[in-house]
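Two complexes are shown next, each including chain A; its partner changes from chain B in the first to chain C in the second.
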Partner chain A sequence: MMLPNTLDRYHDRPSSIHDLDPRVKVVVTLLGIFSVLWLPDGAWGAYGLVWCMVLAVALVAQLGVGWVLRRSLVALPFALVAITLVFTLPGQTLFTLQLGGWEIRASDAGLVRFGSVLVRSWLSVQMAILLVATTRIPDLLHALRHLRVPTLLVTILAFMVRYLSVLVDEVTRLLRARQARSAASAQGKAGGSLLWRARIAGNMAGQLFLRSLERSDRIYSAMLARGFRGQYVTVNPHRMRRRDWLALGVALAALGMLQWLGRALS
Partner chain B sequence: MNVALLTRLWDEIVVPRLHIPDGFLSLPVALVFWAITVVLLLVAIRKTQQQLGERQIPLMGVMAAFIFAAQMINFPIAGGTSGHLLGGVLAAVMLGPWAGMLVMACVIIVQGLFFQDGGLLVMGANVFNMGLVTAALGSLYHGLAGRRSRGVRLVTAGVLAWLSVVAGALFTALQLGFSGTSPFAVVVPAMLGVHVLIGIGEGLITMAALAFVMQVRPDLVAVEAVRTGGGRGWVVVGLVIALVVAVLSPIASADPDGLERVAIDMGFEEIAAAPPYELLPDYVIPFLGETPLSTILAGVIGALVVALVAFAVGRLLRQRPAAA
Partner chain C sequence: MPIIYEPVVRCGDGWSRAAPDAPALEVEGLHFAYPDGHVALRGVSLQVRCGEKVALVGPNGAGKSTLLLHLNGLLNGGQGSVRVMGMPVTTSNLPFIRARVGLVFQNPDDQLFSPTVYEDVAFGPLHMGLPEDEVRRRVAQALAQVGMAHYADRLSYHLSMGEKKRVAIATVLSMHPDILVLDEPSAGLDPRARRGLINLLRSLPITMLASTHDMLMVRELFPRMVIMDEGRIVADGPTAELLAQPELLEAHGLEAL
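Here is the complex of A and B:
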């Protein structure tokens, strides 16, 4: 399926990870994230081990460690939500901050919890990145169908992904057209009243809606002409080979060992 | 920090961040919401398959792509911040309740699965907060205003859109609170405060988009065109879900997990013994309550507040046409 470069997260490499059955990759990724979240707070050794595993997969998949690292920073801004933990959990006081008239205390327990939340989240994101970087979207959707996700949902997802780039192009054109017709002053203050600006944005959304609707009509007619019967079919058999089972076994063993180590070490 | 940087932070980090990444919800909370979401999606799939033919499959796929693209539309509010569209109410108004839910779920799934905008294990919670809750609120539109005058319909859609963002933020805050990722006393007021403002942008864009479609293609949004979802029934559905969630989550995490365990390990008992209504003792903001009972209470209160607001708004709008 065609996605512009900015949307497609797949990186084609001739690696054994790319070659694995997508079902194995989906299941291992989900179990991996589950297993990271299951580790106790402050199990730094185990976290480090998970990171080594992530890096090993990234290397085998020939993605480059730096690339995965850069991409993994997307979720970090959410840390804002958890930072209050540092100051609200009771524990040994590490330092105090003067904030206006308030004095807030940072506790060691809060810091450990905050750090653990952050690291676990960061590791989980890297696993998700590895999954989509090594698996084509049609394969991913096909794997979902094998994993008992309802066919209707998967088919809608497939259509959505197919037309995502088309509609993103469309909205980009709308946005560019608006920008081309809007002069801005040096202060960057946009013209018109708030209501007027909101109405323009709403008109754009309405316009996009109508165009999408018409497009879906055309698509349906075209698909009927090509013999569509309610779902996508594939010529890729998606059969589990010996190496797929082997990879699954190795991954499960590694995750089991991780849980044991995480609890034994901390 | 200069103003431009602050507003950029606000725009790019705070505003779109209802998408919870993995790691910020505890396992019990994440799994409970996966279960709720799966059940609701299965119902939605069954209902959609009964009501719609195979013609609707490309329609819903394209509509999901439309919502994804429409979320890129923004408009400047003030000082460099901008209003965005989440789209749940718009989807439910245009497509009906169940199809709207399905479309919104697909949007959130694609954002999480393919773009790491939101985690995989917390996807159930994300789909629930931003897809199911918003579309369910949008479904109230047909029951409340489907047959009223143009103005009432627009205002209803706008208010519901505002409410959907606030409700989504409330659920996100409650989930973060239950997970011990952020204390209720901090995360609930913070999330609500921010999204009460952000919701205004959602309401305005939704109203304008609906007005545009009413003007250009009135047939699409005519009373007969959209299957009425039934107003009252949906209020009950939403309330029941909220209550079940509020009661279930703390029980599910009854074994001292995460924050609770840390609190106990670190001698929380001393602070818990302090007077319950002393705000900010020693400038350490106390938990809204550490026992499951008070956690349940907090959830129930939150759910009731949203339900009451929705109900009051509905009442007001019902009475308005008589006066006008």
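Here is the complex of A and C:
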């Protein structure tokens, strides 16, 4: 049995952020991410302001500042891809590196661009973390559905969420069955050749695929048995209340202000 | 916690009270072969009357599941006919048939495909095109019936096996079926969950056909027993009488109690 929290990033707290309509949270998060990406390079003041906002939301949502920071570090390795910017943008040369026969030049404009990309992606990740930590996955799916994201896409996401843990269990069982029989005898070395082991791994992948295929067949039968005729229908459990509209208005105003400040300051 | 379902033997159009001995299920001369050539049913005839609770037993591969899948038209194409509440199972009737026959699959992970318990129980009624407040009413009712009223907002993959089984039953009860068809309902349950399930099945006032290997449950819960082997029905009668014939049971891979 897999620990449910490996997939579920939701943290149940009695906060006003958790209580907001998920549609508001999805829209504000997406707009927040776009608006951070939209800020000009080197608008450090505005970046700082965004970070303060993120921290404020984390505090109101009772998640703790340190927790959000720790979670957000996972994104940094991906952002490092942008390091090439330092050496490719034209500008004043800061230093040069000798790499074999090549000489590469670091420019100041490149460094600023790289720093900005790093900070912006890190801020975006923090916003996304806040969204999934304060919104249950079914509510997120509802929000997407009611924001007119194509039904097929949302349904695929819903099935993925539902069956990822089942699939991981399946893999765990396969691996365990292999381990249980991976013994060594007193004579000769254990493990077999690389080719042989690769073939076993390939067989396991095939097994997993076949099992998933059969399961999808059974799920489809279960859907048909309950009257599924090709259109996914759900109830709408969410209603926008006064405080949802208020939160949406305040957030949009803050993001607008941010854009203005970011341009005015830099 | 008040129980809000009506304790009537339900048969006929949804909640109406039909004659208690009207035929609910009529299977006649059913043959079926899978596309790979494996012949699963070789002429099965079976009648289940309103209000009856019938157990379908027999070794693996006897054709029990294949027969169950025919009852709401998930499998078809062989010879023979199936009628549900007097209605023949044909392509044009399928939407109605599927509301009449509540099919509970063996593995609840296949049956519970929605993120939350609530959405899963609402799936059937929603696809029947019922208005939203009726759907809500039925979901609350079905969850109360299986004793899972407080689980509506839970995520399906966080539930225990016994809880999943109960929710799986609620997902078809919410469609107000006339006949409950269960594939190995007690398989994979620990003794306590199994006991809870038996009590639940006993409390449901509904026609029932269940395939199972659990002979103790058959004796306790199902007055009538049908034995299948190699795609045929080999015995059909009162459970107590059939259980008193150890030669018959052993000839078809069953254990005498």
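Methods note: the second predicted complex is superposed on the first by the 212 of 266 C-alpha atoms of A that agree within 3 Å, B and C clash if a C-alpha of one lies under 4 Å from a C-alpha of the other, contacts with A are read in each partner's own complex, and residues count from 1 in each chain.
Operating definition for what follows: a contact is a pair of C-beta atoms (placed from the backbone, for glycine too) under 8 Å apart; a residue touches a chain by one contact, two chains touch by 3 or more.
Worth saying up front: this structure is predicted, and the values here are computed from it rather than measured.
Participant: Taking the superposition on A as described, I'd like to know which of chain B and chain C A:Ile200 touches: first, second, both or neither.
Facilitator: In the superposition, A:Ile200 touches chain B alone.
Participant: Name the contact category of A:Pro138: first (chain B only), second (chain C only), both, or neither.
Facilitator: In the superposed model, A:Pro138 contacts chain C only, not chain B.
Participant: Considering only the touch criterion stated at the top, classify A:Ala180 as touching first (chain B), second (chain C), both, or neither.
Facilitator: So A:Ala180 meets neither chain B nor chain C here.
Participant: Counting only touches as set out at the top, which of chain B and chain C does A:Phe159 meet: first, second, both, neither?
Facilitator: A:Phe159 sits against chain B and chain C alike.
Participant: More residues of chain A are touched by which partner: chain B or chain C?
Facilitator: Of chain B and chain C, the partner in contact with more residues of chain A is B.
Participant: Could you say whether A:Ile219 touches chain B, chain C, both of them, or neither, answering first, second, both or neither?
Facilitator: In the superposition, A:Ile219 contacts both chain B and chain C.
Participant: Same chain A residues contacting chain B and chain C, which ones?
Facilitator: Comparing the two interfaces on chain A, one with chain B and one with chain C, the shared residues are 137, 158-159, 161-163, 166, 215, 219, 223, 228-229.
Participant: Given the complex with chain A, which residues does chain C contribute to the contact?
Facilitator: Within the complex, chain C contacts chain A at residues 69, 72, 74, 95, 98-99, 103, 105, 107, 109-116, 119, 122-124, 126-128, 132, 135-136, 155-158, 171-172, 175.
Participant: Residue numbers of chain A touching chain B in their complex, please.
Facilitator: Residue positions touching the partner: 7, 9, 29-30, 33-34, 36-38, 41, 71, 74-75, 77-78, 80-82, 84-85, 87-91, 102-105, 107, 109, 112-113, 117-118, 120-125, 128-129, 132, 137, 140, 150, 152-153, 155-164, 166-168, 170-172, 174-175, 188, 190, 194-195, 197-210, 212-213, 215-217, 219-220, 223, 228-230.
Participant: Which of the residues in chain B come into contact with chain A in the complex?
Facilitator: Per the stated touch rule, the residues are 12-14, 17, 20-24, 26-27, 30, 41-42, 45, 48-49, 54-55, 57-66, 68-70, 72-78, 80, 83, 85, 90, 94, 102-103, 105-107, 109-110, 112-117, 119-121, 176, 180-183, 185-187, 201, 204-213, 216-217, 220, 258-259, 262-263, 265-268, 270-271, 282-285, 287.
Participant: In the complex of these two chains, what residues of chain A are touching chain C?
Facilitator: The contact residues of chain A facing chain C are 4, 8, 136-138, 141, 158-159, 161-163, 165-166, 215, 218-219, 221-229, 233-236.
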